[in-house]
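Two complexes, one shared chain (chain A), two partners (chain B, chain C).
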Partner chain A sequence: MFKTQKLVSFALLLVLVAVTLGPVAAQDKPVELVFWSMWNESEGQALVIQQWIDEFEAAHPNVTINAVWNGRQNQTLVRTALAGGTVIDIVDQDADQIAGGLMQEGFGLPLNAYLDMPALDEDVPLRDVFLPGTLELFAMDGETYLLPYIYNTVQFWYDKRVFEEVGIEVPLTWDEFLANNDKLREAGYAPIAAEGNEPGYSTFYLANMIARLKGPGFLLQTVEDHTGEMWRDPAYLESSRMLRELWDRGDIPAVTVGYVWPQGQNTLAFGQAAQSLVGSWLPIELSLQVDPGWVWGGFNFPAVEGGEGSVADTQALLLAFMIVKDTAHPDEAAEFLRFIMTKENQQLMADQALVGVTRIGVPWSEAITDAEEAAMNAESVFPDVDGVYARYPEFLTTVLWINYADLWQGKITPEEFSEHMATQSAEYWASQE
Partner chain B sequence: MRISKQLIALFLLPASALYFFFFLVPTFSAFRYSLYDWRGFGTDMNFVGIQNYVELFSDRLFWLSMGNTVTILLAGGVIIFGLAFVMTMMISSGIRGRKLFRAIIFLPNVIAIIALTTLWGYIYTPQFGLLGAFLGKIGLTQWAAFPWLGPDTIFWSMLVAIIWIEVGFYLVLLLAGVDKIPEDFYEAARLDGASQFQMFRKITIPLLWDVLTIGMVLWSIHAIKIFEFPFSFTGLEPNVNSYTAAVYMYILGFGQRQPIYRLGYSTAIGVMLLLVVILVVLVLRRLMRREQLQY
Partner chain C sequence: MIEQAVDVRQSARPRRRARDRRWIRQLPAYIFLGAWSLFTLVTIGWVALASLKSNREVFREPWNLPTQLQFENYQRAWDSAKLGENFMNSVIIVGIAVLLILAISAPAAYVLARAKFRGRNLLTVIYIAGIGIPFPLLFIPLFAMLAGMNLTNSREGLILVYISLSIPFTVFILTGFFSTLPADLEDSAVIDGCNDFQVFRHVMLPLASPGILTAAIFNFIGLWNEFQLALIFIQDPVQRPLSLGLYSLKNSMTYTGDWAGLFAGVVLVMAPTILLFILLSERMISGITMGSVK
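Entry: the complex of A and B
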C-alpha cells in the first residue's frame, strides 16, 4: 500500500514537473521561419515589416524570421524556389496575383482555425478586426488562405482646392459627374487624367461601370459564361457608350490615347487635369510632384441611375500574406500574422509607409482619409477587374484587354466591342476544352 | 611540339562541361517542358505532346508579336547598319574629335535600359515632352501634342528608340574593321582617280565583309530575342501592339503582372525563337559567304 502511494506520488511529481517545464522546453526549441517578400529592402513597407519582425523576435526569443526581399517578381521566384525544394514559410504579394498563382495551385495553408482564435491581447476573434469584406475577398470554398495587410481603394483622386475653385462637390451620380466635368472644362482643366494606353489602369473604368450597372460579380459571371452570350447584355453596350462619351465630350483629352504610365497621372500632378481614377497609392506616388499646398480628396466611382450597384461598392486592391501549407511551423507563422494585426503594428504601417491597412479602427494617413472612409463604409468590395484578374488572367490579357483597349481608344464601337467579346469569348473557351 | 589529343581534350573539358550543363541541358529541358501543360508550380505536369505548338499556329497574339519581332529585325537592321555605315565613313574620314563622336554615339550602350526607357518616355510625352517641345518651337504646332505612344504609333516610336540605342554598338564594330584596312589601299585608289563611292564599294565593303557578317549575326540574335527595352518602355502593362515574341513569352510564362503562368506554352514560344535564331543565322551565313580576303 505504502509502496503504491510512493509510486503515485512520484508519478504526480513527474507530471507536475513536466507540466511546469514543458512549455519552457517547447518555447526554447529554436524555430526559423523564412519569409519571401514582394518588397525591396529599402521601401517603406519593407522597413515596417522588418520592424515587425524585429519586435516579434524580441517577444519570441526562440523564433527567427529570415526575410528575403525579392521585389515584385516575388511570386515567380517563390514558384521556382518551391519547385526546387527551398523551404519558404511565409510569402506576400498583391492579393490578386497570389490568389491567381500560389493560392490557386494549392500552396496556401488554411487560416480559418487561426482566424477564429482571439486577436493578440484582445477578446475578439482575429477575423473580427479586419475591415469589411477583406478576408472574404479571396476565400475559396469557405476557407481563407490570404491575410490581407495593406488596403488600396480604387477611386477618383483630385485636389480639393480645384473643386473649391471651380465650385463643385463630390459627385454621387454619373449625371453629377458629367456636370462637374463640364464646369472643370470651362475652368480650363482637363476633367480626367488617364493612362490612355495602359490596359490595366483603363480597365478600372469598365470594372467600376459594370459594378454600378449590374452590381459587383457580374463582370466575373460574364467572363465565366463559356458561350460568350452574356457579353451581349445591354449593360455592356450602355457602359461602353458611357465610357466612350467621356472621350467624345473631351472629358478625357484626345491626346490621352498616347499616355502610358505615369504620363497621365503627371498631368494631374502638374495641374492640367483634375481627377484620376486609380488606386489610393497615388497620393504617395505623386507626393514629390504636387505643390505643397495640395489637398488630396478621393471619391468612389459615381452611381448610375437605375443601376443595381451602389456608390458604396468599393474596388479593393489588397496586399496579403500567405503561409505556405508545407511549413514545418504553421503555429509560429500564424502567430506572426496575428502579431502584425495588432492595432499598434497596423498603425505603424499606416503612419510610416503612408498606406491603407486592413484593420478596423486604425486611422490612415491624412492624404488618404477618403479612401479609409470608403473602405470603412463599403457595402461590398470587389477585387481587380471584378476577380477576373486573379481567376482568368489569360482571358484578361489575350481577349478582354485587347478588345477593351480598342473600345477605350475609339478603334471599335460599343456594338463591335460586345460582338467581339461574345465571339472571342466563345472561341477562347472552346480552345480550352 | 606535338600536343597529344588527351591534353587537348583535358583543356577543352572545363569549357565543354560548362557548355553542356549551362546551355545544352537547359535547351533540351526546355524542349521537354514545351511538351507539357505546366504552370511551373511543383511537379504536377500534364504531358500534351505537340499541342502547345499546334496552339501557337492559331494564336494571333503570337503571330502579331512575331511580326513585330521580324519588323525590328529587318527594318531595324537595315536602318541600324545604314546609319552605322554612314557614320563610320564620316568619322573615319579624318574629322577632328573622332573619339568623342564615337564615345557619344556609343554612350546609350552603357546606360541601364530602364533609364533609357524613362528618357524616351519623356521624349515622347505629348505636351511637355522633348519631342513635342522641339516640334512646337520649329512651328510644327499641330505635331507638338501628337500621341507618339498611342496604339498605332507606339511600336514605331519604340523602334526609333531601339535604333538610337543600338547603332552605337555596330558603329564601333564597323569602325574597328575600317581601322584595320591599310591606308595604302585608299592612297593607291586615289592615285588611280577613284571616287569616294568607288573606294567604299571596291575597298571598304569587301574588306569589311567578315566584320559585317559578324555584326549582322549579332544583331539578328539580339533582335529576335529583344525584351528589356520593349517590356519596360511600354508602361506597366505593355500594349499588345508593342509585344515582341520575347515579351509575349514572358507575359505568359513568368506572371510578372498577370498570374498566367503557362510555363509549358511559354517555353514552346522560347523553343520557336531558338529555332528562328538558328534558321536566320544559317541563312545569313550562307548569304554572306564570300572568298576570304587576306591583307
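Entry: the complex of A and C
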C-alpha cells in the first residue's frame, strides 16, 4: 500500500514537472519557417520584409524564417514545390491571384482564430486593426485565409498642377468628369492616358462603371449567372456606351488603341495626357520619368447619376500573406503575421517601400495620400474585376477579357458586347457542367 | 586572236545570264534576310543606346542619342541583380552541363549510329522521342525526384536536369554525324589492333569533332538562355544563373520605372552570347551543314 502511494506520488510529481517545464521546453524548441515570396530580394518591399524577419527572429530566438525571393511567378513555383513535397509555411502574392489559386484550391490555413487574438500593440482583436473591408474581401464561407499587408487603390491619377492650370476640380460625377475632359482637350491635353491593348488595365473601367451603376458585386453576380441572361441587363449596354463615348469624344486618343504597358502611362508622365485610371503604384512606377515638380493627386471613379453605387466605393488591389495549411508550425507562422501588423512595422513598409498598407492609422507616403483617404473613407471595397479575377480566372481570360477588349478597341458595338457575353457565358458554364 | 576573244565573250554570256537569273531568283531571300538582319541590329542597337540614357530620355526621346552617357546604369544593374554572381553561376552550370552532355551523348550516338544490334532503330527512336516531351509536363516529377535526392535549389540539381533533358537532342545531332563517317576507317583501325573503345576514342571521335563542337555550341546557347527550368529549380539568389538574374532585374526595375538600368542589364546578359556567336559562327554553320551534301 505504502509502495503504491509512493509510486502514485512520484507519478504525480513527474506530471507536475512536465506541466511546469513543458511550455518552456516547447518554447525553446527550434522552429524553422519557410517563406516563399512574390518579391525579388532587391525590391523595396522585400527589404522591409527581410527587416521584419530579422526583428522577429531577434524577438523569438528559437524561430528562424528562411525567405525565398521568387518574384512574381511565386504562386506557380509554390504549387510545383508543394506538389513535389517541399515544405513551405508562408507565401505572399497579389490577393486576387492567390485567392483564385492556392486559396481556392484549399492550401490556406484558416486564420479566424488568430485574428480574434489581441493585436501586439493595441488592446483590440487583431482583426480590428485592418482598414475597412480588407480582411473580408477574400473571405470564403465565413473563414479568412489571407492576411493583406499592402493596399493599392484603383483611381484616376493626375498632376495637380495641370488641374490648377486648366482651372478644374476633382470630378465627383460622370458629367463633371466629361466637362473636365472638354476643358483639358481645349487646353491641349489628351484627357485620359490609357493602355488600349492591356485587358487587365482596361477592365478597371468596366468594373468601376458597373460598380457605380449597379453597386459593387453586380459584375460578379452576372458572371455567376450560368444562363448568361444577366449580361442583357440595360446597365451593361449603358456602361458600354458611356465607356465607348470616351473614345468617340476623343477623351482617349485614338492612337492609344494599340498601346501596351507602359506606353499609355508614359503619355501621362510626359505631360501629353492628364489622367490615368490605374493602381496607386503608379507614382512609384513613374517616379523616374515625371518632372521634378510633379504633384500627384488621385480621385475615385466618378459617380453616375441614378446609379446605385457611390463615389466612395473603392476598388482595392491587395497583396496578402497566406499560411500554408499543412505547416507544422501554424502558431509561429501566425505570430509572425501578427508581428508584421504592428503600427511600427506597417509604417516601415509605408515609408520605405512607398506603398499603401492595411493597418488603420498608419500614414501613407505623400504621393499617395489621396489613395489613403479613399481607403479610409471607403463605403465599400471591391477587388479586381469585382472579384471575378479571384473566383473565375478562367472565365475572365477566356470570355470576359476577349469580348471586353473588342468593345474597348471599338471592334464590336455595345449591343454586340452584351449579346456575345450572354451567349458565350451560357456556353462557358454549359461546358463546365 | 580577236575571233578567239569574241568566242570567249559569247561563251561567257549564257553563264552570266544564268548567274543573273539565279541572283534574281534569290533576291527575295536576300531582301528578307537583309531586312531581318537590319531589324535585329536596330533592336540591339536601340537597347544598347537606351542603356546609356537617363530614365527620362529612354521614352521621351527614344530615337535620339543620349545627351550624356549614363554609365552608372551599368553599375546599378550589376549591383542590384548580383549579375556578377549570376554570371559565374551560369558559367559553372552551363559549362559542366555541356561537358557531361557530350561525354554521355557522344558514345551513345556512336553506338546508335555504327553498331549493328537488334532493336537499334527502336532504341534510337526512344532516345529521340525525348525531344518531343514538353518540359512543363516534367516539372512536378522532376521536382519530386530532386527533392528526394535533396538536390532542389542547387546548381548540381539544375545541372542534372539540363543533362537529362538535353541528351535526346544531342544524340540526335551526333548520330547524324557519326553515320556519315566512312566505315573503312573503323575497319582499318580494327586491323591495326584497336578495340572498340580505342576505335571510338582515337579514330571516330576526332573525325566527328566538327559535329561535337556544333552540339556543344547549340547546347551552350540553349542552356545559357534557359529560363523556365532554372526558375522552377533554383530559388536561392546566390545560386541563380544569369537568365534568372535578368528576370529578377526586370521585376524590380520595371516596378520602379528604372528602364535604363534594365536595358543595361540586358546588354550585360546579351554580350557573352553575342561574342561567342561572333567568334564561332563560321564553325557552327560549317558544322551544321556538314554531311548535308554527299
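In this section, the second predicted complex is superposed on the first by the 409 of 433 C-alpha atoms of A that agree within 3 Å, B and C clash if a C-alpha of one lies under 4 Å from a C-alpha of the other, contacts with A are read in each partner's own complex, and residues count from 1 in each chain.
As a working rule, a contact is a pair of C-beta atoms (placed from the backbone, for glycine too) under 8 Å apart; a residue touches a chain by one contact, two chains touch by 3 or more.
Note that the structure is predicted; figures quoted are calculated from it, not measured.
> Would chain B and chain C fit next to each other on chain A once aligned, or clash?
Once both complexes are aligned on chain A, chain B and chain C clash.
> Tell me the contact category for A:A139 with respect to chain B and chain C: first, second, both or neither.
The answer is neither, since A:A139 touches no partner chain.
> Have a look at where A:I402 lands relative to chain B and chain C in the superposition and call it first, second, both or neither.
After superposition on chain A, A:I402 lies in contact with chain B alone.
> Once chain A of both complexes is superposed, is A:W281 in touch with chain B (first), chain C (second), both, or neither?
second
> After the superposition on A, what does A:Q289 contact: first (chain B), second (chain C), both or neither?
second
> Does the superposition put A:Q73 against chain B (first), chain C (second), both, or neither?
Both partners, chain B and chain C.
> Does the superposition put A:G84 against chain B (first), chain C (second), both, or neither?
second
> With both structures fitted on chain A, tell me whether chain B or chain C touches more of chain A's residues.
Counting residues of chain A touched by each partner, the higher count goes to B.
> I'd like to know which partner A:W36 touches here: chain B for first, chain C for second, both or neither.
Second partner only, chain C.
> Applying the document's definition of touch, where does A:F270 land relative to chain B and chain C: first, second, both, or neither?
After superposition on chain A, A:F270 lies in contact with both partners, chain B and chain C.
> Name the stretch of chain C, from among 153-161, 171-179 or 189-197, that runs into chain B once the two structures are superposed.
189-197
> Is there a shared patch on chain A that both chain B and chain C touch, and which residues make it up?
72-73, 80, 83, 266, 270
> Across the complex, what residues on chain A touch chain B?
72-73, 75-76, 79-80, 82-83, 96-102, 104-105, 107, 195-201, 254-261, 263, 266-267, 270, 272, 389-390, 393-394, 396-398, 401-402, 405-406, 409, 411, 431
> Which of the residues in chain C end up touching chain A in this complex?
55-56, 59-60, 80-81, 139-140, 143-144, 146-148, 152-153, 231-232, 235-237, 247-248, 251-252, 254-259
> Report the residues of chain A in contact with chain C in the complex, numbered from low to high.
Within the complex, chain A touches chain C at residues 36, 40-44, 68-73, 77, 80-81, 83-86, 262, 266, 269-270, 281, 284-289.
> Can you check the complex and tell me which residues of chain B touch chain A?
Against chain A, chain B makes touches at 39-43, 55, 58, 61, 121, 124-128, 145-151, 153-154, 234-237, 239-240, 251-252, 254-262.
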